[in-house]
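Report on one structure; see the data block that follows.
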Amino acid sequence: MPIIFDRVTKVIGKHKVIDQVSCTMQTGSITGLKGINGSGKTMMMRLIAGLIYPTEGQVIVDGKSVGKEISFPPSLGIMLENPSFLNPYSGYENLKLLAGINHKIFADEIDGALSRVGLLENKDKAYKKYSLGMKQRLGIAAAIMERPAILLLDEPTNSLDESGVELVKQIVQEEKARGATVVLSCHDASVLADLADEIIAIQGGKIAEA
Amino acid sequence: MGKIGTVTAMELKKAFATKKFLLGTILLLTFSLLSAVYMIQSWAGYNPEQLVETCVKDGEFTRNPNLPLFGFYKAWVGGDGLSLAASLFYTLLPVAVALPFGWSYYVEQKNGYLKNIYSRVDKKIYLAGKTIAVFLSGAAVVAVCLSVNILLVLAKIPLISPSAWYNLYNQVKFGTLWADLYYSVPGLYVLLYSLLTVLYGGIFALLSFAAGCWFRNVFAVLFSPFLLMMIAGYMETVIQGRIDSQIPIEIVPTQFLHPESAHYLIIAWAVSLVTAVLIVASLLTIYFRGVRNETL
Amino acid sequence: MKLCNHIRFDLTYGLFRREMWGKYIIWLGFFALASLDFAGELVSIEATQYTYGDYLLRIFGGMREYVPAPGEPFEIPYLWLINHVGILYFTLHYMHDDLEGTGWQMILRSGNRTGWWLSKCVWNAAVVVGLYLIAWGTVFLLAGLNHAVWSFGISPFMAEIMAPGPCQLISASWQVTLEITILPLLATLAVSQVQMLLCLMLRPAVSYVVSIVLFLSSAYKLSPFLPGNYAMALRSDKIISNGVSQMTGIEIHLFLILASVVLGNLLFQKYNILNKED
């Protein structure tokens, strides 16, 4: 499912957080977003997801303009920075709750996603007792469990140890092999270099270099 | 200046140089201004020249002009017991003073900022500096709003000393807090009451700070002083209705700070006791929950 | 189907999660206290044959019209005000907490914003109704234990205390029942829904302040334009000649609820779903 940014500008309050961005993210590829904090990487992901809409221009997902023709991309998995879940529920129950909305997957696939991120042993532990790294892994599990056509991962390696980072790399490559359009932002340049087919550098809401 | 001075200066800057300080001030200022406008408009129909014209015939008063009822001392926000704005001023005072900085400890604890601080300065010093800043920010909100109200009313309504003959219409009853001053040196009465209100601006802000040491919800932190006053107001009616007291005493701060609308008698020792209890409770909470607890 | 998912989640997690039980208990305790306080007054007055309606009127009836006059300062009706602003506090932050927590994920998965918004409106209504049911249940239980007469009509003695002079409190019983039960609930529900709408435009704290000002203004001023007046049986045109009309109150509250739901949905379609940090 290709994603096209067509001269997208987004203004929030008085700040232009995205400024005339045009780029294309191809199906079955990994696009890396590179930039310092506050450069606009997360905003680009929110625009793709339909959580916010462009002030000018359009974001086109699979030929349809987000916010005009569709409210949200039809098949989307997303993990934004500092994922948040329900404290009293376990990791498994949190995922089950989300999976229960579309009923695309059931218990086996949820367990499968938890296993892929290395959380199967802790699936019944209350979310509030998870460490930061475990919370991060649960966020990734929530994003990948329904095998989405578009996968957006915002700083997925945050709070992860070395083995966790390698796990994320493996997951991203598996998702690409499955044919998903993956958009990944990461501060770790080596991770982007290893994974991304194309890297877009964002600076002050604009593309610095393609 | 030492670390406490440095920390206090840092916290004061955080407290005052923010939009939230402006928001709290604007909220309370709205009502203090509206109260002033209401009283000035009311006064417009009662200026002495008009009264003399309508009350004097052939050099003699045909009716009582009731001048002492309509002077400045009944028109500043503390003397205004009639307008909605004055009621809103005192009712929402606990919210307005908590807005600038009362929530700061809660937020800093939640987002982990405290860990940055405690690795650099002792907890006690930091919390002492923050306590001072919270108190002063709350007090400043009230000071600004009261000053504007008083200056505006003073500009338009003359200083006519209250008369003890009109005690029926004055809610400042004999024997209540500073009542003797009200009828003898009313300017000092207004000054002392204003200072008391400013003090309570700081106290309510501290209560919000203390709430931040307990609650895990920012709205509970912001609104607990207000909700506490609501519940205290109701509880007071329940308690006063139960005890067969000849002299029911006012113990709710938002009531005794507004002498014109107090239900019961405002007595010095009760005011002192309540003030002391609130200050001590806030400081003890901050100490035991803030200083003594581990920072996770 | 997806709306049902949202509603099911909000009604289970939103109504019955652990932190809500403490709030329900506090609410029950408050109305128990109010009922016991009234029962205690009755004992001291040595009146006879008080009804359930008397309890409801005392607790939910509000205050008579306030007319500013020298020597007559405005007295805040704490009991009436706490009932309304207390419920508004309970309903204040759930929507925002959910949106910043898992709500945005649920919106993405369901593919539409309307379902989430409508579900929150349903949750809001459920909380308001639930809290009123707790209040009424507590009042009825304690009134029953104090030998109240099973009637929603107001006893003549109570009518004399609360609204001296000619009034229809004791004669039009179904209308009185409406005044002391449904209208306060509708008023709280309407303002609560408006508060939710305002939360989309302003910060939740500011929305709550607006709600408080609205109710306190209603207590101060008898006016058909201030919705809180319809929540006070003592301001009804059944009791005072310049009182507010029951039917008008119902219409206005229903309109406010509907308008808030519709406007809120429209606003939410373009609402920027961001974290606090963004």
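Residue numbering begins at 1 within each chain, and the chains themselves are lettered A, B and C in the order written.
One rule holds for everything that comes next: a contact is a pair of C-beta atoms (placed from the backbone, for glycine too) under 8 Å apart; a residue touches a chain by one contact, two chains touch by 3 or more.
Small disclaimer: the values here were computed from a predicted structure and weren't measured.
When chain centres are set by their Cα atoms, the one at the greatest distance from subunit B is A. Taking the mean of each chain's C-alpha atoms, the chain whose centre lies closest to the overall C-alpha mean is C. With centres set at the average Cα position, the gap from subunit B to subunit C is 28 Å.
Remark: subunit A and subunit B have CA centroids separated by 50 Å (rounded to whole angstrom). Between subunit A and subunit C, the centres computed from C-alpha atoms are 42 Å apart.
Those residues of subunit A whose C-beta lies close enough to touch subunit C in the complex are 12, 42-43, 46, 49-53, 71-72, 74, 76, 78, 80-82, 84-86, 88, 94, 97-98, 100-102, 142, 146. Those residues of subunit C lying in contact with subunit A across their complex are 2, 5, 9, 13, 17-18, 100-102, 104-113, 269-270, 272-275, 278. For subunit B in complex with subunit C, the touching residues are 23, 27, 69, 81-84, 87-88, 91-92, 95, 99, 168-169, 171, 217-219, 222-223, 226-227, 230-231, 233-234, 237-238, 241-242, 260-261, 263.
Within the complex formed with subunit B, the subunit C residues making contact are 30, 33, 37, 40-41, 68-76, 78-79, 81-82, 85-86, 89, 92-93, 204-206, 208-209, 212-213, 216-217, 220-221.
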